[in-house]
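Take a look at the structures below.
Across the two complexes that follow, chain A remains constant while its partner is chain B and subsequently chain C.
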Partner chain A sequence: MAFSTTLYNTFFRRNSVFVSTIFVGAFTFGIGFDTAVTSFYDKWNKGKQWKDIRHKYVEAAEE
Partner chain B sequence: MAFNGLKKAVTLTPSVRTLPSGVPAAPLLNLAARAPADPHAHGHGASGPRSDVTPKWVGGVSRTSSGLVSKSFVTLPSTTPFTARFIHTSVAVKSAPDVPDFSHYRANDTDSNRALSYFMVGSLGLVTASVAKSTVTEFLKTMSASADVLALAKVEVDLASIPEGKNVVIKWRGKPVFIRHRTQAEIDEAREFKWQSLRDPESDEQRVKKPEWLIMLGVCTHLGCVPIGESGDYGGWFCPCHGSHYDISGRARKGPAPLNLEIPEYDFNDAEGKVIIG
Partner chain C sequence: MLSRQALRKAASPLLRQKSIPLAVRNASTSSSSTAFQSFLNSRLTLASVSLLTAGSVAWYTHLYGSLPFLAEVHASHASDEGLHPPKYPWPQDGLLDTFDHASIRRGYQVYREVCAACHSLDRIAWRNLVGVSHTVDEIKAMAEEIEYTDGPNDEGEMFQRPGKLADYMPAPYPNEEAARAGNAGALPPDLSLIVKARHGGADYIFSLLTGYVDPPAGVEIRDGMNYNPFFPGGAIGMARVLFDGLVEYEDGTPATTSQMAKDVVTFLHWAAEPEHDERKKSGLKAVILLSAMTVISLYVKRFKWTPIKNRKIFYDPPVDKTH
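This part shows the complex of A and B:
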């Protein structure tokens, strides 16, 4: 069976499956998107954020 | 004359060709034939001239000033517009206009097209659902407390610094909070009391998480004064504004106060010996 037919029979044939797939997909997509954007942001701003430079100041204060 | 009519799907057989004179061409019909002898004719005679009259356009005898003139028109002017009608052999017009052949453009695999269509619909739905979800959550986040408020929302108190039988009043979210390190005698007193008859019946077990630590909001439930500790008729708190008495468990025992002193949310941090209020 062709891939497209399998895809159709698995997800698209029943609307309940279709809609729930969309919602579950939206949920996972939201998590993945958040993670991706956050990691990109951290990479882009490497060395500028407080969590990157915290050790310089917190340790100095404790000593 | 222009032939403006629609080309309809009618193919007529020719009826009769019309001569330029307007006479239907009927070669085998002898218009000059005399009527046959008819014994039943009424007084016309057997061999007389025909009784019907020839039309004027074929000529005939006319009376002029110079005598009788007989004319026979051979080429007569047309009295009707001449239209030659022939059998035509053009193809009958089809009822539907010719549809081009689209088979070259048609997909030869409709299954993959269908799957792709549904996939695109589903992807759009997925993105829409994500957008809707993040819109709602971001909007709800604007209603929650900001970070600076949250930072002030919790208070940590070191319990080791409070000796037994002492009160501590701290400020939490702009309100005083009483922390009482109760003695065993006070705990017993609070627990043995028949609390069912109170105005706001609450057992001491409901009001404290650890029996030796009584933590409650120091705001009188009557009109919001701050009660005075270790005073009143019941050894607990006394509100000087209108004379409400609270017992050692913070329950309203006497006076106008309708409710017991309120218990805030708090948690013990046993590892560091601290209580976190909020």
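This part shows the complex of A and C:
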């Protein structure tokens, strides 16, 4: 009961807080989810993508 | 013998006697069967059934252009369809696998040094290669080596300028007629979407590039044509172009025929599907999110319906107050 009361008082009591919680939550989830999927995807495709071989050619161009 | 005949004679009236009630019982059936028999034997039936058969065959032939129930004989051979390419294990085959970009880079080199002599790549601009197979400086340098016609300028004249990132790949021929004239009447197809445009996709093109052999006995190939079992019809205008050591890879990969074919097919696959890598990543995200949403919605449905599904209805009859 204490937890739900705290929850209610923190997030649901005022609509402004409720709405901004949703907006901020969606934003952070979007970034976090994207980062997690990308890191998995890059690990899965290690050595195949351009970012994995790019250093060879960038250094060659600078020399 | 005698005794048997006697027995039969003795038995037959008995049977006949017995068969009378049977015949009576089956009177309706037997009488209709004789009517059916006469119907079957009538000439009118024969004539009308023959007419119906001939009419339906004629109607079918008119509608579909061939006789029913008869296999057609074709003058073609299975080789006219081309050999089916085997399935090759490409690095980009899996649901989550990207292209091998080092292979795309080598494949571009093969395209530029070999294929580009005849084949255009209209839908790929220099800028598309940036961040895929080359750095922006490399692409700028490569584009500047080629002269493009631009204009008109202030005096209304077209002028030549070095290429820039936004320019599309230069075509080897100015128009289709020139391409045909340069290749004995055969038009080298544009390669931008070739992997999507052929049955078998990358496997087919790889097989075609590596599949040149001498024509088998009995197969006549006209002058200027070449035999390739993977090409529908077998006779292809393009000759074998990939030979071991034809190009020299900058990363030291041995340039065998199959290696060059694999690289150039990977490059062409990328050219046909430049969104490929990003598409698979988006697909992974979509599958995760949608399946999570499905699970949540199923849970919420069950949660909301629990009281309704589990309720019990009791009937409380009204008390009769008259007694």
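The working rule: the second predicted complex is superposed on the first by the 53 of 63 C-alpha atoms of A that agree within 3 Å, B and C clash if a C-alpha of one lies under 4 Å from a C-alpha of the other, contacts with A are read in each partner's own complex, and residues count from 1 in each chain.
Note that in this section contacts are C-beta pairs under 8 Å (C-beta built on N, C-alpha and C of every residue); 3 or more make two chains touch, one makes a residue touch a chain.
Keep in mind that this is a model prediction, so the values were computed, not measured.
After overlaying the two complexes on the shared chain, residue contacts for A:8 are found with chain B alone; chain C is out of touch.
In the superposition on chain A, contact of A:41 is made with chain C only, not with chain B.
Contacts of A:33 after superposition on the shared chain: both chain B and chain C are touched. When both complexes are overlaid on chain A, the residue A:50 reaches chain C alone and has no touch with chain B.
In the superposition on chain A, contact is made by A:21 with chain B only, not with chain C.
Judged by the touch definition given at the top, the superposed model places A:58 against chain C, while chain B stays out of reach. Chain A residues in contact with chain B (one complex) as well as with chain C (other complex) are 33. Residue ranges of chain C in contact with chain A, taken from their complex: 91, 96-102, 105, 131-135, 137-138, 251, 277, 280-281, 284-285, 288-289.
If you check the complex, the residues on chain A that touch chain B are 2-5, 7-8, 11-12, 18-19, 21-23, 25-27, 29-30, 33.
Of all residues in chain A, those touching chain C in their complex are 33-34, 37-38, 41, 44-45, 48-50, 52-54, 56-58, 61.
Residues of chain B that touch chain A in their complex: 109, 111-112, 114-116, 118-119, 122, 125-127, 129-130, 133-134.
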